[in-house]
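One structure is given below, encoded as structure tokens.
As written, the chain order gives the labels A, B, C, D, E, F, G and H, with residue 1 at the start of each chain.
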Amino acid sequence: MDPKKLESLLRDVQTNALSVDEAISRLVHMPIRDVGHSQIDTHRELRCGFPEAVFGAGKSAREIVEIATVLLAEHDRFFVTRVHDEGAEAMLQAFPNAEFHARSRILALDQRPAPALTGKVLVVAAGTSDGPVAEEATLTARALGADTELLEDVGVAGIHRLLAHTERLRAARALVVVAGMEGALPSVVGGLVDRPVIAVPTSVGYGASFGGVAALLGMLNSCSAGVTVVNIDNGFGAGYAAALINRDYSSREL
Amino acid sequence: MDPKKLESLLRDVQTNALSVDEAISRLVHMPIRDVGHSQIDTHRELRCGFPEAVFGAGKSAREIVEIATVLLAEHDRFFVTRVHDEGAEAMLQAFPNAEFHARSRILALDQRPAPALTGKVLVVAAGTSDGPVAEEATLTARALGADTELLEDVGVAGIHRLLAHTERLRAARALVVVAGMEGALPSVVGGLVDRPVIAVPTSVGYGASFGGVAALLGMLNSCSAGVTVVNIDNGFGAGYAAALINRDYSSREL
Amino acid sequence: MDPKKLESLLRDVQTNALSVDEAISRLVHMPIRDVGHSQIDTHRELRCGFPEAVFGAGKSAREIVEIATVLLAEHDRFFVTRVHDEGAEAMLQAFPNAEFHARSRILALDQRPAPALTGKVLVVAAGTSDGPVAEEATLTARALGADTELLEDVGVAGIHRLLAHTERLRAARALVVVAGMEGALPSVVGGLVDRPVIAVPTSVGYGASFGGVAALLGMLNSCSAGVTVVNIDNGFGAGYAAALINRDYSSREL
Amino acid sequence: MDPKKLESLLRDVQTNALSVDEAISRLVHMPIRDVGHSQIDTHRELRCGFPEAVFGAGKSAREIVEIATVLLAEHDRFFVTRVHDEGAEAMLQAFPNAEFHARSRILALDQRPAPALTGKVLVVAAGTSDGPVAEEATLTARALGADTELLEDVGVAGIHRLLAHTERLRAARALVVVAGMEGALPSVVGGLVDRPVIAVPTSVGYGASFGGVAALLGMLNSCSAGVTVVNIDNGFGAGYAAALINRDYSSREL
Amino acid sequence: MDPKKLESLLRDVQTNALSVDEAISRLVHMPIRDVGHSQIDTHRELRCGFPEAVFGAGKSAREIVEIATVLLAEHDRFFVTRVHDEGAEAMLQAFPNAEFHARSRILALDQRPAPALTGKVLVVAAGTSDGPVAEEATLTARALGADTELLEDVGVAGIHRLLAHTERLRAARALVVVAGMEGALPSVVGGLVDRPVIAVPTSVGYGASFGGVAALLGMLNSCSAGVTVVNIDNGFGAGYAAALINRDYSSREL
Amino acid sequence: MDPKKLESLLRDVQTNALSVDEAISRLVHMPIRDVGHSQIDTHRELRCGFPEAVFGAGKSAREIVEIATVLLAEHDRFFVTRVHDEGAEAMLQAFPNAEFHARSRILALDQRPAPALTGKVLVVAAGTSDGPVAEEATLTARALGADTELLEDVGVAGIHRLLAHTERLRAARALVVVAGMEGALPSVVGGLVDRPVIAVPTSVGYGASFGGVAALLGMLNSCSAGVTVVNIDNGFGAGYAAALINRDYSSREL
Amino acid sequence: MDPKKLESLLRDVQTNALSVDEAISRLVHMPIRDVGHSQIDTHRELRCGFPEAVFGAGKSAREIVEIATVLLAEHDRFFVTRVHDEGAEAMLQAFPNAEFHARSRILALDQRPAPALTGKVLVVAAGTSDGPVAEEATLTARALGADTELLEDVGVAGIHRLLAHTERLRAARALVVVAGMEGALPSVVGGLVDRPVIAVPTSVGYGASFGGVAALLGMLNSCSAGVTVVNIDNGFGAGYAAALINRDYSSREL
Amino acid sequence: MDPKKLESLLRDVQTNALSVDEAISRLVHMPIRDVGHSQIDTHRELRCGFPEAVFGAGKSAREIVEIATVLLAEHDRFFVTRVHDEGAEAMLQAFPNAEFHARSRILALDQRPAPALTGKVLVVAAGTSDGPVAEEATLTARALGADTELLEDVGVAGIHRLLAHTERLRAARALVVVAGMEGALPSVVGGLVDRPVIAVPTSVGYGASFGGVAALLGMLNSCSAGVTVVNIDNGFGAGYAAALINRDYSSREL
């Protein structure tokens, strides 16, 4: 709870500008709006700097549209990930201006004036097949205000392809490194830069890759310090964290 | 390879200030010094901003002392983690000014003038037993120049203990959250702040905690965006990454 | 075996009201009726307080209808879980008065006079996607006579959404807490109440959630005492156990 | 937070009986006392009905004694589980009246007048080797006010040993069933009673028992409804939950 | 190699009834017939008492028919398990007299005079859903000459259903016990009889049953001696082993 | 329950030779004797053909001696497996005539007249390191009346060592095949004989043998029919099952 | 980097035959060609002796055709594995001379004059179902210039089928051994030959074969030295490695 | 079996130079010598090119000495791996000329004239801690006649340390690459050379390295073709396979 708001509310109670019952009610219920099946947390933007991003995979087309409608009304934007085909169709019908990125299955709309992108998040992908996850990370970081670039197909089996981009790697404020199979790329990148590296294992591979577990374990055991890891295929989480790192807090009071 | 150095070297070749053979030699061998069993990468500080930190667990007391001697000569400091008793004894004999932190088993020496600590890294630990890992993270971040604080024993089973510190949580530039058992703390913290959260699972627990796997999986599946994860008990990695995030790059050319 | 029935039977033997052969037969075969493929245990209601609930997933439509027919004749009700589409269709044709809950895939009919619901079981779900399992728990507990409520979308990433309902949590006789991903919600709820909490991991999540294993491990390692766990997605088992806990045994001889 | 206390506090603010600053302070800091390494939550008894039970395994002898001292001062009792030898020795020196149960490694002291035990919790153990865990459950439930009994060595390989106690099983308000190896006992017990059964897998076994995982999985997959599960060897959690179930809430306002 | 055949062959060499080259050839190549993709081992009946049973799952319809044709020519019978729909159709077209058991997906033909079945193999199944695997075991044991019976739906949650059949259990020469979920049934049966029990875990269950792993581990850790285990859903292997145990070797030279 | 005893007991009730109360008591309590910590099932020999064999690993020296004393009094023999050093010492002091087999850690005493060993159980071990488990199987089968032989160090990497013993393999009534590492031996043996093969995985190996899991999985997936499996290192269970198979039931009524 | 090329380039700089800027550019960018989504490494043939083989599984039909077009232009050949139906159709339309191997799903074209095959790689498969993987290994090794043979259906359950081919086994320069289920074949083969054996586990099997994990573990734990392992179903990797081993390096400078 | 020996033996039978009985005996028993607990396969050198190397870990000091004595008598050398301290002491007492390598725990003696080492096996190790396994590989390959070099501490986090040795890597006939943690080194090396790479995962690491499983999975999923893998810490197997690959078969008849 924000102490300043708490102080203001308490002072209102002290001066009888606010009744005790109303104060209790505000303290407890205010920040939440109930939309039937989902309690949409409209305070989340205040608290976390981003309106509720919606994970589309487990929701019906109708639920996605309803949630998006509320979010758009409150925040002038929404950002839905892992949209299934049915959901995408329903959303594009409801919001013809929304943009659907078929590779990463992100469906988003932002009606605010375009913000200036700042800093630099570099998303690096080991192989062509890691592309969807890399795009999810790229779009997420960009939606959160980060100037973002994508560098693809620079896996460790041809190490010179990666080394050719060393300067680009070193110029980023934060890096997202996406790889499947043995997941070795973040270790190599982490040894080349002095910036935070967020590793994203992908489910690309077969047999003993166990749907991305091999890459996940490889990244958790990276011999390069400065590497942190998100869940398998979680491009959204990686892009989100990279954008938080990339954000310039210097002009804000801490 | 640094293009500026490469250019300078090539220009020396062009002007015959440097022979071709010498140029080849420099290009290939220069950044590495061989100390017998370990090839100590003395370029690492340039590349990654920190002289080689040494993982003590798999090395003999003699090896640790030898490596530390080289590092101290080159960098005026060393930072050894997971030092076993024998190693600690040998090191303190060799370097009486070094400091040994028994709880986290870190043994470090920094002979440079004390640098000004900047920013704010907050290390949060769920329980008393998570202390050693939390201390490893704290000392690492501090050694890398971050102003660092430690907040202990605020696990989710008594959620009000944590909420009492909400403002402190929100004031940090980067957070390290350390927890064993079900590893739920980073999710709750991640929902309270808009800063990057690095989650560290610990091996605290028994039975189906599987030496920290339960906490690790919980953290990888965190429902809070902005949470990234390091290996079980890897306080060093978390502190390292947090310090990179915390660092103010605005005054440096990218 | 019920000692009273045993005594009565033995007395009948003593008085020759029952032949020895018949006594053997009754002792061994009486409580069981054979329906070909399934031996329906019609004594189960006496023993466990609930007529045999049927797990529909592994059975053909025809088998489900046959079993339901026998149960309805004996008990005036049936309660089938995990009904596949084909089974639901066949059942609704055979029993037009039965109710099919599509979200939780429960198909039930109770022709007895509506019993008074007692106590209070609160089912809490972390996210919208946990809804089907939460509904399975709710309907099961209600079918077993518990007054039951459902509280949805109060996951730990927005902890204030949950805290706003603290009093409702504390008013329940037993709680069922349903969560996927990291499964942290039962730990937080368990720290807020002094009533038994039954945790249900769901298979909601992706990657290293391993179909609910991450949530399951998180719950088994809960730092809150008083939390017990059922199988992944097992809303039925949780609702059943909660109803047993909720039941008022004070008026019954023990 | 308790609405009544909140109301009372707010009324004090309204009447100026309490300053705003003091109100803020009370709202945020009051329920917590800091003992250096551990923030002992002295409100926990109010919230959860039991003063903080201490998990001894991960703490030094000194830490255990310090925490116990605070708890005893506040609550006239403490209850420490998994005490190592060094801790037990230190505790018995500090608290000569405390009782140490060597089999279950519980060390407890209760200086309050002995409370009347109520209800009936039956702890059932499959084999002799499951004894320590069964004792941990028994002592925990008893410390929480439950009249508790222990029934040992009634594993499923000799099913008649168990059936001989059917009436005792059926007379309990709640049952804790402890088993290692294949963990089948809770399923059989669950089929004989209509009361809640809490299953505790133990690490008894070898080879593919994987330190209790086989028993844990067996219990999670029990074909008997009404069975819930706690972590491997977690006798404390099972006894705690059983005591909560056993408690008579009828005389308390809900 | 059969010493008698070896001796006879060597004697033929000694007496020049057989040339050395021919002897080499016979020693090496004789027992094997090549059918292109599969080397059908027509000596297997001699060695193992059963003509090659064919695992249909990984083979094309054409391959199955070709192999069956060879087997029928050599042995007057074939026995194909796990036949997919396409394979079943092709086989029934090729062999109209063959019998297809849809539940267990076995397709077999035996043109020999019906052999007298001997001994007694009892196949016991815990639930209705375990039926297909139980039938596979039953048909396999019968095809190998064992008099076989099937007892279904006697799971441990209603232990009296099983106990009602104690005498039948005790009358068998060998038992196959089929169960999914927690796989406890073999332990209980093993405690009731003094005959070998072969346990078959099935993939029946959900969540943490992990496709039969829970049942498998339960059975491997059975507290009843005399229980051995086969692979998940491997009714064939269990029926085969039971038939070998059941076989009367007393009239045969060893 | 034995129908004959049941009939006799019921007839006694019918003729008033036995009171109803006494009959209830006998039906329920008779076969069990309570020794404090362990309920020793003295009916087990009747039911399972072997007095309770004791698993020594989880029991104290005192417990083992007490249980052995009861067993010896009832059955003139005992058979304790996995005896730790302390237990062995105490037992040999208490029973100087007992025999301790240090390699397999079995401690046994049989005061009955030596029974004639029958049939043939062949225990086959892949390597020298599998010896302890093989000896456990051998001694167990022999204690149960089977004529038993041991064939060691015939692993599959030198297949001719095994083939040299083909006739011995084929002469056994039942085989126990013990192997660590990849556990391939039972598959090869199973292809050479037409008798039941019981496979015992051992924990011999390192790295990805995972304490015997690799061998266990190999054996469960054996391509040879007729192979069944017991738990890792479970020589006792394998020897027990082999003895049951080996037993000649032809002279007994079924 | 090739020292000779480096020297030549540096000499060109020294003599001003090459500008410094151009030298930098060549050093860094030359070996890589960008095709939009994939950076095709056209230097790979020089470095690794084989033009980039394409893994078709994760790529769209259009991507496969584009990549193949570039490869064909540069190398006069391509070799695509795991081609899905859509990809095969598109490729055959684009390259009517290409050959599609439906069993192993390899689609390849080589427009160079047919090279002389050298050495001998023997691919051995345990069962009919292992055929697709064995064919993938065979075609890969052949494409890399190895004279290759295939020996199928010689699994360990009929060990004489394998032994009949001992001389063929011993004549190979390198062996690839393909097996599913328990994966025992490489151990047996490894004991018969003194050449390198590459083991390929296949996902053939069911239940506790865990999609090839059982075979993989078996092979990693092989008791035969000289056996190395590739990923489950990775016939390509095995054939590739075998061809490298088989290659005659004697005529090349090392 | 060697056809030439078989032919010669059969011809002796034909000419009565050998009796049939003797021929049977020779065919079956000749190549094996029994030393009590171990059947030492003295034909193994003929078959596999190396006298039986002994795995010391699971054997007693006495057993090791006995086996070594036989091997020395037959082959003038022995090579024992994983010797425990007690075994090393006993061996050095029995064979004072033997050499004990404490780091890799190899104890070997070769009394033959020193053979000329041929070819080139390069053993590459990622970190100092991987040294023992790398030494085991080096000594094994050398004992098998390969000219062997060791390159240490060139892990991927400092990729330039490795690249500085590119020519050395490319000059080897076969490479063994040893790495713990994420196990990425073989992928990078495999992309730099066109020779076979044998990857050895080590148990170096902590937490989610799971004793080497992370490295093992990383290597199995290597994106570089030509990489094959051995068991965790299996330096012996890697060195053995590398020596087989390195061997020049061109001068030998195949």
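Everything that follows uses one rule, which is that contacts are C-beta pairs under 8 Å (C-beta built on N, C-alpha and C of every residue); 3 or more make two chains touch, one makes a residue touch a chain.
If you're wondering where the values come from, they're calculated on a predicted model, not measured in any experiment.
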| item | value |
| --- | --- |
| Neighbouring chains shared between chain F and chain H, ordered by label | E, G |
| Inter-copy rotation, chain E to chain G, in degrees (Cα atoms; steps of 5) | 90 |
| Duplicate of the F-H contact set - from E-H, B-C or C-E, the pair where over half of the pairs recur | C-E |
| Distance between the centres, which are taken as Cα means, of chain G and chain F, whole angstrom | 49 |
| Averaged-CA centre spacing for the pair chain D and chain C, given as whole angstrom | 25 |
| Chain B and chain D: spacing of chain centres that average the CA atoms, whole Å | 38 |
| Between chain D and chain H, centroid-to-centroid distance (C-alpha), Å | 54 |
| Of all residues in chain F, the ones touching two or more other chains | 1, 3, 47, 127, 158, 163, 191-192, 207-209, 213, 216, 220-221, 231-232 |
| Those chain pairs that satisfy the touch definition | A-B, A-C, A-D, A-G, A-H, B-C, B-D, B-G, B-H, C-D, C-E, C-F, D-E, D-F, E-F, E-G, E-H, F-G, F-H, G-H |
| Sites on chain F touched by chain C in the complex | 3, 6-7, 10-11, 13-14, 16, 20, 23-24, 27 |
| Residues on chain D engaged by chain E in the complex (per definition of touch) | 126-127, 155-159, 163, 181-184, 187-188, 190-192, 205, 207-210, 213-215, 217-224 |
| Chain G residues touching chain A - in the complex, by the definition given at the top | 1, 28-29, 31-32, 37-39, 41, 43-44, 47, 57-59, 63, 201, 203, 211-213, 216, 231-234 |
| List of chain H residues in touch with chain B within their complex | 127-129, 131, 152-154, 158, 160-161, 164, 204, 206-209 |
| Contacting residues of chain C [partner chain D, same complex] | 1, 3, 47-50, 53, 120, 163, 166-167, 171, 173-174, 191-196, 198, 216, 220-222, 225-232, 236-238, 240-241, 244-245, 248-250, 254 |
